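Lettered A, B, C, D and E in written order, each chain numbered from 1.
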Amino acid sequence: MVMTETPIIRIRDLNVHAPDNHILKNIHLDIPKNKITVLLGPSGCGKTTLLKSLNRLTDLYPELKIKGNIYIDDDDILHPERDVSQIRQKMGLLSQRPYPLPMSIFKNVAYGLKLKGITKKDEVERRVQEYLKKAALWDEVKDRLHSSAEQLSIGQQQRLCLARGLAVNPEVILADEPTSALDPVSTQMIEHQFQELKEEYTIVLVTHMLRQARRLADYVVFIYYGKIIEHGPVNEVLDNPKEELTKKYVSAGV
Amino acid sequence: MVMTETPIIRIRDLNVHAPDNHILKNIHLDIPKNKITVLLGPSGCGKTTLLKSLNRLTDLYPELKIKGNIYIDDDDILHPERDVSQIRQKMGLLSQRPYPLPMSIFKNVAYGLKLKGITKKDEVERRVQEYLKKAALWDEVKDRLHSSAEQLSIGQQQRLCLARGLAVNPEVILADEPTSALDPVSTQMIEHQFQELKEEYTIVLVTHMLRQARRLADYVVFIYYGKIIEHGPVNEVLDNPKEELTKKYVSAGV
Amino acid sequence: MNRKSLEEQFFRRLTQLTTVLLFVVLTWIIATILYRGIPAMSWDMITKVPQGGFYFGKEGGVLNAIIGSFYLAGGATLCAIFVSLPVALFMNIHLVKYQSFLTRIRLLLDILWGVPAIVYGAFGFTLMLYFGLRASLLAGIITVAIMICPIMIRAMDEVLRTIPRGLMEASYSLGSTRTETAFKIYARKALPGLTTAVLLALGKGIGDAAAVLFTAGFTDYIPENLLQPTATLPLSIFFQLSSPIEAVRERAYAAAIILTVIILLFSLTGRGISTLYKKYSANGND
Amino acid sequence: MISALKIKQTGSRFWVDRISTTWMLAGLFFILVVPFAIFLGLLIKALPLLYDQSLWAILSGTEWSPMRGNFGFLPFIVGSVLVTVLAVCFSAPTSLMAAIYITQFAPKRFLKLVHPVIDILAGIPSVIYGVWGVLTIIPLVAGLASWFGISSTGYSILAGGIVLAVMSTPYVLNMLIEVFRSMPIGLKEASLSLGSTYWECIKHVLLRKGLSGILAAFALGVSNALGNTIAVLMVVGNRVQFPSNVFEAGYPIPALIANNYGEMMSIPLYDSALMFAALLLFVMVTFFNFASRYFIQKYEV
Amino acid sequence: SSSDKQGQQTEGETVRVAISGAFALYPLVTVWAEEFNKTHPNIQFDIQAGGAGKGMADVLSGATDVGMFSRTIAQAEKDQGVWWVAVTKDAVLPTISSENPYLPELHRQGVTHQELSSIWLSENEPSWNEIVDLGSSGNETITVFTRSDASGAAEVFATYLGAHQEDLNGVGVMGDPGLAEAVRKDQLSVGYNNTIYVYDVETGEKNPGIDVIPLDLNANGVIDEDEAFYDNFDSILKAVGSGKYPSPPARELYLITNGEPEKQAVISFIEWVLTDGQEFVRPSGYVPLDESYVQDQLTKLQD
């Protein structure tokens, strides 16, 4: 990516293989600091896999073979010896399929705080409320903070996971379709949130909504079948796509 | 709903309670045949619960208490003695969170066919291909039909579940945000599919995308915190909403 | 930060150490059997039935017990699967709505785990006499099957419980009947766990002598029908161990090796088959 | 058009469902009858003793001499409880740790190795465990005792507990492995991507998610241990007394039954007493399970 | 193999005879059955051990045809109509570890009936110097072992001491081999065993690690010439046969049936055991019955 900013993440020759599938092919990408980078691409092209590689969550899938380098602050996180939990704390991933932890709504958010070492009761309460509000969930759950999070509706779960993810205060937020299950009103609030966050954080966002990309993105990366087809500032890629594939995708705009 | 068509499903005084939550409140609704009825409403308002009630999948959640009547064919399906498995075959539900069955991609679709009694090998193969194409998934998976369906990407899983759901050839399709994880191109194809399907089928669709509602819906039902606020033909509700809440929701349009 | 990775390291090591310790003990037992049994092992052991004075250190083998154990444990396990699998599926599919009823069923089954094998034996013995049966393969199979059913059901039940509700929803919304959901979806999804449950119960069935002491009898002959008494390896081992002759007691270990090999075979085939059928399913439920 | 939804209840699928549901129900009914049948059978057989002596006298009595008509069960109850508690103290934490290691830290093929070993151990006859205990655990315990300055033959509550722990390990471990194996990966992802260490994920998320399964495995382990006979009786010393430390001999109920079932015909009330012993064990297991249920329910979210 | 056995069948239908009971008799009965089969190939024996009491229970309930029994038959059992015949004898011997530090003294002095009683019957376990005269040493307490499983051997031994098995103190160990093993391992312990668990049947020597405490029958404080018959298997068997070794703890071993035997196969087997079968008794490590005694038993069978 031609850019003036210093990249916070540098991906070099990243290849991910599944037994019968070459999922990511020679990915070479720089992700700028304090910007929102949006990953676009058809379903199944490898966006989620790319995000998971950044966090080394690919470790959990023994069938995936991953090669190449990912530098974060000049540190190769794919190095097998590298302690990943610190990396992961720096890079919060909001997964595409929300997984509430098996505890109450309150504790789900407090869990993140606990990991950061915040345990003072009123501090925790204050923060839980703060993050639930940021995720536009507070009103719906304030009366049942202590009931199980697993019974929330999918959209609520998605917002809960967002609140939980923000609570750990990561430097980089990797958000995998964070508003896919949300109604327009909540979506607006979350987008607003992201716009505020980018002052301090770096955000990598996967979305299928081109309008969302337009509203939020500084940079756009278009992936197709595991390859980066085109990337650049948002207006370049979305408004004047160079590649045929990108054009076709962008014109389908929903 | 004021409508000329005979309703295929009539919901009367439906109330669903969770221990600490009144999820659906006095739902009274008729669903017309061979039309697309779209359920709209903020996340957590009870859309999924309503769809599940229609299929009596609420049975699986012992904590939910369900009261009222749902008539299909003048037959109250909420009657505890009613054997529901045939009803379910006639009313296919595409759940919001896709769950591939623990088998290969091919068998996932073939499973539905088998339930319909189609077992001849080439017939099955032909149909599997047909439905995977309808769901816009064929190209991506044709080379690995016999690998596990659980490893597909979320969007692929969603399309697989659609293919599988169509394969059983239900009369009523209850689709819970069927394109939430899909890119614009696939979404277009699926929407097109729905438009064709409605000639023969009745479709109840949940979506958060107002544009999708506009493109597809014949009727729109707007639900808010478990109550039906407004319902009627699409242009009435979306373009000239009567209620304040509906107005606010529609104007947020994404 | 540092404290955290220390904690992680500590527990990683601790769990590793415990595992090693556990497996040292477990292999120690197996090693004891091997160490003492291999010298006494002979071809005769697995090809001959006991001849005169076998329990006195004379020639012969334990073929009668090998075949008997195969029949008895195999038969009992099959019978138990026939009851347990449906029951476990029934509990997790038909009865999901009745959680409090389920809790009670589980309670009853758990209690059965605590009934000593010898009481099952006595129970089976009473039944056997009531029906005018003599100690026989049939009576043994029934008793052992009753004894291992609770184990199998509960072990299966614990596995099935972890299957996410969404899978049942998916299956139902396709119009599957509960039976289809049970046997085609659930049984398949949980196959490796179910195999474990079966093998666990098989272990108990093949290894527990007390229940068969009463009901299966013992004989130096190979049973030819269900109404004849049968030898089993644990009983044969028990008798050999009680022999005054050192050499015979050593042979008991050889018999134990044979038993071990039999279980190993069962285990490998069972798990082999289940991986074969399960290759389409990723580990870990969603 | 409405009739379109009316489906004829015919076809093999319908019948298969009917038949298999009946079969499942019959199986359930059958297996649920067993505990009642055993309970009733034992109760009927134990009645003569209960007519002869007061329940309280039996339960609180410490004298055991059937020939003279003394049937005091207290030492046996104490013996059973002690051995079982020891066994659980050994096997529960080790099994849990091992299950965590095997499913979470170890390479995947390790499980493939572990499984057959566990299967074998579940199948080794209890006499063999007993003999192994006599050969290895008894001297070990005797040595340990003398290290503490206590003289002991080694035949003791402690030896019984250890052998029992080893014997119930395959059951507990296997079930725990299943509990951890079936955890959704997404859950781990969720916790890890919050920056938790792997251990924190296990501690806060997996253990909690699996809590009911883990407790169930433990409870089943305890039940299994309570009812174990031959192996324990070979190492536990079988002495009717209240052990003052774990290096002394004790006498659990199953051992009492197994040691004497042969002789019960010849002494008046003896068979009744042994059946009462079995009944007592049954009641103890029931009681324990009720208690653990209560506990589990209290701690489930 | 089994097909050989069936191949020898010449005439008649196969009859199965089920036998269960005392461990003490089990090895000998398996030998008898095998030898008997050589002349009666159409009888199949199903033999299992399980303890004397199990044999009694099985026979009385009709679960088996013949029981092996190794202690005196209780009145309650006679009342239920059990029929019995003595087929051989053996003896229970008090045993110690061959590593026992006081072995020479013990061999020289023996133990009296009363000393044995104080070991197994008194509440507080005595020390070694209360049993043997050891001067100033020997104040370690005796580790007392006993059988935990209800068994003929224990009951007979207890009878000798004027008690029942349930009265014997000591750490309970299961089975004869278990008890022998426990005694062998603990230098300061005592136990009791059937003769065949003490001596090697082949060589006639004592098994390694185990030794016998001689009984000082006349209580004179030394083992006299005619009290010393523990050297090898032969001499102890002879002493049992001649009655020099007292009974109890020597004992008769019985075959029992539910009422008088009616099955022809059972009758001819018992008859054979009492006559031709006796030749296999000595080589197996048991004591054959006296000629006259055999006649007694035979007449019992014939009426």
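Observations on the structure shown:
Throughout what follows, a residue touches a chain if its C-beta (ideal position, glycine included) is under 8 Å from a C-beta of that chain, and two chains touch if they have at least 3 such contacts.
Note that the coordinates shown come from a computational prediction; the quantities given were computed from them, not determined experimentally.
Note on connectivity: the fewest steps through touching chains from chain B to chain E is 2. The greater number of contacting C-beta pairs, out of the two interfaces C-D and A-D, is seen for C-D.
If you average the Cα atoms of chain A and of chain E, the two centres end up 81 Å apart.
Between the Cα centres of chain C and chain E there is a gap of 37 Å. Centre-to-centre separation between chain B and chain C, using Cα means, comes to 45 Å. Separation between the centroids of chain B and chain D, computed from CA atoms only, is 47 Å.
The residues of chain D that reach two or more other chains are 13, 17, 184-186, 197-198, 200, 230, 258, 261, listed in rising order. Across the assembly, chain C contributes residues 4-5, 8, 164, 177-178, 180, 238, 241, 282, 286 that each touch 2 or more other chains.
In chain B, the residues that touch at least two other chains are 85-86, 89-90, 97, 115, 147, 151.
Per the touch definition, chain D reaches chain C in the complex via residues 13-14, 16-17, 20-21, 23-25, 27-28, 30-32, 34-35, 37-38, 41-42, 93-95, 97-98, 100-102, 104-106, 112, 114-129, 131-132, 135-136, 166, 169-171, 173-175, 177-179, 181-186, 197-200, 202-203, 213, 216-217, 219-220, 222-224, 226-230, 254, 257-258, 261, 278, 281-282, 284-286, 288-290, 293. Within the complex, the chain B residues that touch chain C are 52, 55, 57, 59-62, 85-86, 88-95, 97, 99-104, 107, 111-112, 115, 146-151, 161, 164-165, 168, 170, 174. Residues 1-2, 5, 16, 18, 20, 23, 26-27, 30-31, 33-35, 37, 44-50, 54, 61-64, 175-177, 194, 196-197, 201, 207, 284-285 of chain E are the ones that touch chain C when the two sit in their complex. Of all residues in chain A, those touching chain B in their complex are 18-21, 40-44, 48-49, 63, 96-97, 140, 143-144, 147, 151-156, 158-159, 177, 180-188, 208-212, 248-249, 252-254.
Touching chain D in their complex are the following residues of chain C: 4-5, 7-8, 11-12, 14-16, 18-19, 21-23, 25-30, 32-33, 82-84, 86-87, 89-91, 94, 103, 105-119, 122-123, 126, 146, 149-151, 153-155, 158-159, 161-164, 177-180, 182-183, 190, 192-193, 196, 199-200, 202-204, 206-210, 233-234, 237-238, 241, 252-253, 256, 259-260, 263-264, 266-268, 271, 282-286.
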